[in-house]
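When the chains are written out, they are named A, B, C and D in that same order, and each has its own residue count from 1.
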Amino acid sequence: MWIKATCKLDFEMPAPTPLVLMLRPRSGANQWVAKESYTLIPYVPVVEYTDLYGNLCQRLVSPVGNFSIQTSAEVMTTEEVDVDPGAYFVEVQNLPESVLLYLLPSRYCESDTLGYLAHDIVSNSLLGYDQVARIDRWVNQSIRYTPGSSNYPITAEDVNIRGEGVCRDLAHLGIALCRSISIPARLVVGYLYDLNPMDLHAWFEAYVGGRWYTFDPTQNVAHGGRIAIAYGRDASDVSIFHQFGAGEILTSMDVHVDLIDSEPDGEYSQLRDYVDPGS
Amino acid sequence: MWIKATCKLDFEMPAPTPLVLMLRPRSGANQWVAKESYTLIPYVPVVEYTDLYGNLCQRLVSPVGNFSIQTSAEVMTTEEVDVDPGAYFVEVQNLPESVLLYLLPSRYCESDTLGYLAHDIVSNSLLGYDQVARIDRWVNQSIRYTPGSSNYPITAEDVNIRGEGVCRDLAHLGIALCRSISIPARLVVGYLYDLNPMDLHAWFEAYVGGRWYTFDPTQNVAHGGRIAIAYGRDASDVSIFHQFGAGEILTSMDVHVDLIDSEPDGEYSQLRDYVDPGS
Amino acid sequence: MWIKATCKLDFEMPAPTPLVLMLRPRSGANQWVAKESYTLIPYVPVVEYTDLYGNLCQRLVSPVGNFSIQTSAEVMTTEEVDVDPGAYFVEVQNLPESVLLYLLPSRYCESDTLGYLAHDIVSNSLLGYDQVARIDRWVNQSIRYTPGSSNYPITAEDVNIRGEGVCRDLAHLGIALCRSISIPARLVVGYLYDLNPMDLHAWFEAYVGGRWYTFDPTQNVAHGGRIAIAYGRDASDVSIFHQFGAGEILTSMDVHVDLIDSEPDGEYSQLRDYVDPGS
Amino acid sequence: MWIKATCKLDFEMPAPTPLVLMLRPRSGANQWVAKESYTLIPYVPVVEYTDLYGNLCQRLVSPVGNFSIQTSAEVMTTEEVDVDPGAYFVEVQNLPESVLLYLLPSRYCESDTLGYLAHDIVSNSLLGYDQVARIDRWVNQSIRYTPGSSNYPITAEDVNIRGEGVCRDLAHLGIALCRSISIPARLVVGYLYDLNPMDLHAWFEAYVGGRWYTFDPTQNVAHGGRIAIAYGRDASDVSIFHQFGAGEILTSMDVHVDLIDSEPDGEYSQLRDYVDPGS
């Protein structure tokens, strides 16, 4: 399916402020970005780089006053997420090297302290996919998804105690529980078609059966129509924007995700004259 | 300056054919891609990855029959290329590790056999930038730039013997001569505003004075308005498209590079209703 | 100075257990490993890979029963750590990309919550090196270094509340405080000559003045004679060994660091017959 | 099997000369380096880094006069090379990204011009492993392996015309032929037990059936006992040493590869006193 996502961030800047953003989805094995734009109003010099996880990051110093960032992406993605009950547990010694990182505890996912809970939840599950599915359902049913309930990330342990959270919090708890039983798990930040209320979204992926599978504990049944913007160990790695210095300065954020009928038109210039290809 | 570049490739495919393309400029330290599109007609599944040099590559299997790829990019780039006579030679032991690769001979740049010629050309030059500038001028004056004169790459040695070549050939000779005197040099493929006849273009960069500088031996004076699409050791690393199997199948190629007045509009959806940012 | 470090880990394994180890220092800009060994008793198949931070990691499945790992390294390192009061603060927009990661909060370094404390500590310091030096001294004087006081890592906040910790804990607090004022900081695990009691050690590095500097809050004056084994955001990235499954199984650990007079002898075979070099 | 390899290079240096060396095998999926040493006589400052292919490279400026480098490695490797007739051809669109590089032509492997020959050689072979085996045998039988016959690399085309070459030349021809039929192939430089005359050796690997297989056209039957030191597209990427400036300065080179009975002893210091592991 083709979907178009847009995001608009408005800032009111008291002073020039360094920002690092992650707002540019990239094409990969699971999604194809056919068209995208990234507009800074007013325009300021900006440098893009790729972080250790492969995310495209934009670095700039904001101007003083109103500053707005508008992005759009038209993307081919899948209508359904893959589901594969029975997919096998990959023993640690057989995991690909690039995946080992996602076994480690991280800022918001204290997998080193949640093993007791994970073992309770998955008892009697088949090792692998079914354990993750059980964890995903447990989080969905035990932690109330309350948009707006936290303004900054809380850790998986805190989420568990508090019993409610935003999408990111539920994902963190799912991730920490998976890692505590030696299943690699990572956070995904992105767009989700038909999310209500619409916003940027966060879910998680777990590595079983030799590949990554999508899980979304905020949904009763995870549907497709997803565009991944950034991957990381947890929210500390994948802030949509990270400002250095000053207080809260985001004045509004607006996200849309729409179905589009077909591949977008290119922005190709009309043929005007034949050009010899061999120069 | 803001420029918009478009490229259209038309293929007539006798059979499904694997293609690897490099047609997507990325933002970096020297250019900012504000908007871009990449359209496949008809659409076929495509996977994008990053090669060892950091270039975005697209991999797909073409359909049978007519197949067209259309790309566009709106980019902020500089009006002038930096020029810095006197910039110092960086001794091999002080070069950054990531640059050492560009000292080695490669498929079309036999730097291991051209040392005698390079030493002639640069005799009495100040070490560093001035040597590269001398090489660049020597290639510009000694090798006739003849668009369409070669259909496939020839090596630097052959270029020197033949005395003429296309942009890529002149760049290869410049690169090989630089490397032979221990100055790292790499090929750049991209767009150049105001090139005549318009086409994709190739030039080279040399590492002196602690950074890369642009040189373009096909031009009497290298001007700006450049969009780099891909970097590599030579043309074997950076084919705009690489087909596996079958014969020549590109039926036409059309390139445009236009000045645009200002930052492009985003493709941002109209605000329709306020969305709570905290979900 | 040349030093030789050895480390011996003895395990008593109730079952075959996957282990990931980081026990192999590598040569780099600051240390040269002239000779090293890594012995598994009994020998089991082992695979080595490089993690995202560049650390050499060894992966294996232990046998049941007694299992021992013995490593040694003879290394050229510096007698003094570089000290540079006045080295400037690098603004976020000017930091190298590879360093940005070390600004983020991590499992044991909640830099997102310690800003108030950091600002108190560094008030009136010159921005940059002097701030880090102030933080380093504050940790040294405020947190009692108590070898053996914690068996597993505690977070920087907990270290601050508890008022004592092991080397790793003091380093974590130093790191979190640096990051909270936008100075990149990372954990180093390695050997330190003349440490008393001898053990593996942990300290931290901060990025100011365009490079990394060494700080060691467990020492009144940081001395040299260091061999870095692994770098990371905190202890979750750089466990010397990480076991998956089972309980505590390390039965003893023994570390020695000795001064050696000069470059070690190679293990070069005697010349026995002349061999033509051109085959 | 455990083998020990040593290499000694003697130089007579007319002037301080930058050198980049690749003489340090690293542990990986196929070999485990249990012990190794790298001695410079006299000792000079040296920095080690990892190149794009993952090879460990040593960079230094030699002193004037006699300079010697001695290395040793004790390594667990396999007695036999894997052989797998029938292993399938991996279509280009299904190759792992990291392997695509090895399809491209390179300095000494003009795969873009040797397709006609490759097709002759492999006609009627099953696609995949059997094609490579046919190429390997064809090179073995058509090109005379003549140790000492070339002092510097010649290209695959030249090897084919000349009809003889050293190990590196035969490997280059094998590689070029594989790539010309869309099979990834790469050069390996390393040690081979029981090579006669003993020297550093070069062979190649081809990617079929989802993994790399070893081929050695200088041998009638490729045996095991190999230690890979460096991988690359061809000899331009993997010089054992690369000197910048000056003329030929290597005065002698001596290589030994011996069978050793068992895992080497560690260089572990005697236990002298118990050390508390918790500091």
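One rule holds for everything that comes next: a contact is a pair of C-beta atoms (placed from the backbone, for glycine too) under 8 Å apart; a residue touches a chain by one contact, two chains touch by 3 or more.
What you are looking at is a predicted structure, and each value in this text was computed from that prediction instead of being measured.
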{"item": "Partner chains shared by chain A and chain C (touch criterion as defined above)", "value": "none"}
{"item": "Rotation, 0 to 180 degrees and nearest 5, that superposes chain B on copy chain C via CA atoms", "value": "180"}
{"item": "Maximum centroid distance from chain A, chain identifier (CA atoms)", "value": "D"}
{"item": "Euclidean distance of C-alpha centroids - chain A vs chain D, Å", "value": "42"}
{"item": "Computed distance of Cα centres, chain D from chain B, in Å", "value": "31"}
{"item": "Residues of chain A touching at least two other chains", "value": "49-50"}
{"item": "Chain contact graph, described as a line, ring, star, complete graph or other shape", "value": "ring"}
{"item": "Each pair of chains that touches, named by its two labels", "value": "A-B, A-C, B-D, C-D"}
{"item": "Chain D to chain C touching residues, read off their complex", "value": "4, 6, 8, 26-29, 32-41, 43, 45-50, 54, 56, 58, 70-72, 74, 76, 147-151, 166-167, 195, 197-199, 201, 250, 252-256, 258, 263-269, 271-272, 274-279"}
{"item": "Chain A-facing residues of chain C, complex", "value": "18, 20, 49, 51-52, 57, 59-61, 91-93, 97, 100-101, 103-107, 110, 112, 152, 182, 236-237, 242, 244-245"}
